[in-house]
Amino acid sequence: MTEQMMTFSGALNAVLHQAMRQDGAVVCIGEDIAQNGGVFGVTHGLCDAFGSDRVIDTPISETAFVGMAVGAAMTGLKPMVELMFCDFTGVCFDQILNQAAKARFLSNGKLKLPLVIRTTMGAGDGSGAMHSQSLHGLFASIPGLIVVCPSSPADAAGLLKSSLASDDPVIFLENKQLYELEGLVDAALPPVPLGSAKLAKDGADVTIVATSAMVHEALAAATRLESAGVSAAVLDPRTVKPLDEASILEHVRGTGRLLVVDEGAPFAGLADAVISSVVRGSFPSLKAAPQKLCPPDTPVPYAPAPEACWLPGSDAIVEAVVLMMED
Amino acid sequence: MTEQMMTFSGALNAVLHQAMRQDGAVVCIGEDIAQNGGVFGVTHGLCDAFGSDRVIDTPISETAFVGMAVGAAMTGLKPMVELMFCDFTGVCFDQILNQAAKARFLSNGKLKLPLVIRTTMGAGDGSGAMHSQSLHGLFASIPGLIVVCPSSPADAAGLLKSSLASDDPVIFLENKQLYELEGLVDAALPPVPLGSAKLAKDGADVTIVATSAMVHEALAAATRLESAGVSAAVLDPRTVKPLDEASILEHVRGTGRLLVVDEGAPFAGLADAVISSVVRGSFPSLKAAPQKLCPPDTPVPYAPAPEACWLPGSDAIVEAVVLMMED
Amino acid sequence: MNRNELKIYRQCWFIRAFEGAIAAEAAAGNVPGLVHLSTGSEVADALIGHHIDPNRDKVTGSHRSHGLALACGVEPLDVAKEILGKAGGLSDGLGGTQHLIAPESGFLTSNGIVGAQVPIAAGAALSAKSRSGGGIGVAVFGDGAANQGAVLETMNMAVALKLPMLFVLYNNGMAQSTKAETASGGNYRDRARSFGLPVWSADSVDFAACSKAVEHSVGHARLKGPAFVEVAVSRDHGHYYGDEKADQVFGANDALLAFEKWLLEQGVERSAIVAAADAGKAHAHAIVTEAVAAPNAPATLLSGWSSGESAVND
Amino acid sequence: MNRNELKIYRQCWFIRAFEGAIAAEAAAGNVPGLVHLSTGSEVADALIGHHIDPNRDKVTGSHRSHGLALACGVEPLDVAKEILGKAGGLSDGLGGTQHLIAPESGFLTSNGIVGAQVPIAAGAALSAKSRSGGGIGVAVFGDGAANQGAVLETMNMAVALKLPMLFVLYNNGMAQSTKAETASGGNYRDRARSFGLPVWSADSVDFAACSKAVEHSVGHARLKGPAFVEVAVSRDHGHYYGDEKADQVFGANDALLAFEKWLLEQGVERSAIVAAADAGKAHAHAIVTEAVAAPNAPATLLSGWSSGESAVND
């Protein structure tokens, strides 16, 4: 196994090249993905390599092309759709909520739906309230969808590979703040199984569950906590749905303390789901009330200071853990 | 105060008549609501009384007419939109997620958005997977929306009245199974404040939090539990967002036990939000792990037996409570 | 040619009798929810079924698709069982009347969301295009659906992407209780034309014209690119069976009566016509009767779908 | 009439210089995110601002609406501050470049979602209709947006509901990196016409024709019902400022140069023309300079919005 340094976006691009080379059924669909290589460069070079019949630039008609991808997935293709921002799922939400998510169930399994919708999430770059949301929890609340939120180049590559191989529809959320992140990736681009969490850092006193960009905030906080004598673990679910509840429960049984750090909804989002799962599954082993750290219950603000204040960060994580340890 | 028996749909209809009579800014917008009086009869007689300029039949263009309502609310009208089924919010979701929900924040309060979207929820009538969903948790996860789920005719009337008076956008979810339910309603149709729970039945051993049609399942279960010697309280949040967390916490502090019964999403839905709130807010007073009873994580099935099995019911509630009492 | 037309005529009566039998079951309380019947569009349904090639084409339909599915070659017993919520239905009763799914036939899926089937047919067209076998995607939708963004976007996209796709608008003049002329600006043919689609149209009371319009538009989609055909149909039984409030459109312009008249004009024997109709009716009654007798979909059906990990491990 | 046209010309240069100054701030890292500049559509922006009545009409715009908002009478300093994320901006910096909201002016709101502003303008039209004061709603959107369901649905609905509404399509031939002709079937005028909208069109390099098209379409919307006008504009600076990949459309067909030439042809003194342009530029620079010096939006801004009960108790 040879490893090489890759950026998050480069790793995704490599997987797409590999998948399209290996499987003629894979097609890419989206706005500005062919000639332009995608607004974040993830589809760079695909059109040159595989032609405009398989790498398809569309009109700004998300309902039409997501629906087309759903229909194509029902009839033998394996479409990868790029939606520039997850905020735009609003304009094609029926095709996600009612069509993609329900097709397999409604056919009692007769239909396969090998569809991957790649999109972005995440605040922090002054993009404003309609280009910065993190809707993974909302998607995860819809029966029938798989929801993936990678935090490293290797996971991004491996999870995208598994997503492309899945017969269930996948919403694959890439954090805009991570595209330039570099990391070692196995040259063979091995798959990472869906539904399996990763222990990014072990620790004995508290389990911090964090996803996407928040993993890095949690790791920074854990390092600082270490020097303050607190041993914090960082557990990255990687797949938000299905959630690897077993791994989370097992770890929290060891530490007795849970903090969920999530950039998604502070009400009825992933954080609440994790806390609910843990408290139902390992109540007796809890030493303190589980806590969460999410943005305030508002849209994402535009100006830098309010936006920075809106985002959970390592300072707040350190503070929250210290508070929990006093319990 | 004189009370009279009214059906759930009749109570809603009475409030709409009153509101349109008292405030010329109230307009009703939707499909088949004028000549036809709405598919569930809630807008019956409004067009005759107030004319087709204020009770507007639209094309099947939910994005256009929900967006029109958003724009009308920004500019002086108080639109009440009827969407036949909450499942249809998929086709106009951008106008809910990005436009209605964010307008007040994005204007830093300069815009008011007195918009009410009335829609239906609820399974149990063989309507199938795209006419039976309960998406209140999904809406509640979106910052900026108020989400209401009444369970009785009087609450329906009072909450609709408050919703029509609200400057924030409201998603008002009427359970299809409750339209024919009768109950006493004050003839003056007094408002019920948004964000305030109602103790439908008090009890000392366990707090059952339930919404919409599930309130009635919970009440039936509580009656049966009573004869088994278990004193179960039923607390109806009525407003799902903002949730009356204070009342829930206070009650659970008394009983030490929480069961949430909800027809919405079993993952990252209202049930998880309530459990998370309670465990963070009153961990020390809990005597047992909080539990939830939700449908399985699938779309709503069509055929009667699977659909009945999908829906939480009083048998399962009794069972869950008995199990909790053993803890 | 008479053989073909008589087969189509028989098919029409099969659909009408099938819907009649379903209506009777609905009246008897044997249908789980509301059903939207195809009564009034049988000729259009049968013609589409006749002119597509079920081996390579895929049709998607609206909430009102019983007849279309039957005409496209879906196993009728499975359709009836699905509508009645029976084990052995197309989806064993999980989908129901608005979600007839039969990818093994010429009919891919119907849909509970007005217009949502249209982009899905574009996907079937994309798949067909990628296979280069001459297959097409066909989307059938109503006059009400023609005001949905999903439908309008797809018309434009099909032209932009040169999809082998046919748009079929069933114009019955009515969407639930809303008249087409009050809900729609302009006319649907100009609308389709404005996106660059070639347009055909016909009234289903004129069987020959209608058959030609469907045949030519299918052919265009197959050989040249996206096309549009508007077919005037009627609607019986209100919006759904039992809908008291809706206008009754069915009656004077009965396409089946007109079809019968046309067959007679073509010199087909009355006895052969009657025999075809009777055969269709008898077949439909036998099918629905058999479906009614089938066991109900069991509650256990859910268990395969409801485990937390099902989404990944299936 | 020269006074009016010189005012409009000054306005155009004000917008161009304003956008130039914003671009300079973006290059210097003083703009929080990406900005979509109005450079190339100044003449169209200024004409809309000129022909609407800010006391009763409401305009909504796209992601690219700086110039339109300025032309519709929004306080320029507040616009600049909003774009720069400053306290005292239109929304004190909560909204930003794509969310300019000024209900007190003729400009209601711009939008980050392509096409979403169009149904919102229909709502402004509905409000205006209910007030019977002759006001209209105006939706400005791009050629790319013209393929969005929201836009297409609203065209139909505006006709069905007889809304006093004007659809303004800015055709710069480009949506991000996608050329209009590859993404759109047919042409936009036929598309609008097919929904029953009367259609005007003009190229913004022809000032007089463009002014007439806007004036007449506004007048139609005000007196007779929904209308559509397509204006050819150009786009400078790529899709957003700093976008290297996008084609550069700006250049030969500079509507401002053409406007200047037209003014000269009308006999306006060159010195008056130069003075108007200079005044516009100077004003813009003063505004943006003042905005740059203003305090940044503070983090505390959030606290009013983030308490759990804010939604109900405000």
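Order of writing sets the chain letters: A, B, C and D. Residues in each chain are counted from 1.
Heads up, the rule we're going with is that a contact is a pair of C-beta atoms (placed from the backbone, for glycine too) under 8 Å apart; a residue touches a chain by one contact, two chains touch by 3 or more.
Just so we're clear, the structure is a prediction, and the values are computed from it rather than from any experiment.
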Based on mean C-alpha positions, I'd like to know which chain lies farthest from subunit C. D
Between subunit A and subunit C, the Cα-mean centres are separated in Å by 39
Distance between the centres, which are taken as Cα means, of subunit B and subunit A, whole angstrom: 30
What whole-Å value do you get for the distance between subunit B and subunit C if each is reduced to the mean of its CA atoms? 36
For subunit D, write out the residues touching at least two other chains, lowest number first. 92, 94-95, 99, 111-113, 116, 147-150, 153, 156-157, 160, 182-184, 301, 305, 308
Can you list the residues of subunit A that touch 2 or more other chains? 58-59, 61, 63-64, 87-88, 90-91, 94-95, 98, 105-106, 129-130, 144, 241, 297-298, 301
Quick one: label the inter-chain contact graph as line, ring, star, complete or other. complete
Would you pull the subunit B residues touching subunit A in the complex into a rising list? 63, 87-91, 93-98, 101-102, 105-106, 129-130, 137-138, 140-144, 241, 243, 265, 267-273, 275-277, 279-281, 283-284, 286, 288-292, 297-299
Subunit C-facing residues of subunit D, complex: 147-150, 152-153, 155-160, 182-187, 190-191, 193-197
In the complex formed with subunit A, which residues of subunit C make contact? 58, 60, 90-92, 94-95, 99, 101, 103-104, 108-109, 111-113, 116, 118-131, 137, 149-150, 153-154, 156-157, 160-161, 301, 304-305, 308-309, 311-312, 314
Enumerate the contact residues on subunit A facing subunit C in the complex. 27, 53-54, 56, 58-59, 61, 63-77, 79, 94-95, 98-99, 103, 105-111, 144-146, 166-168, 194-195, 241-242, 245
Which of the residues in subunit C end up touching subunit B in this complex? 31-34, 85-86, 89, 92-99, 111-116, 144-145, 147-150, 175-178, 182-184, 245, 296-299, 301-302, 305-306, 308
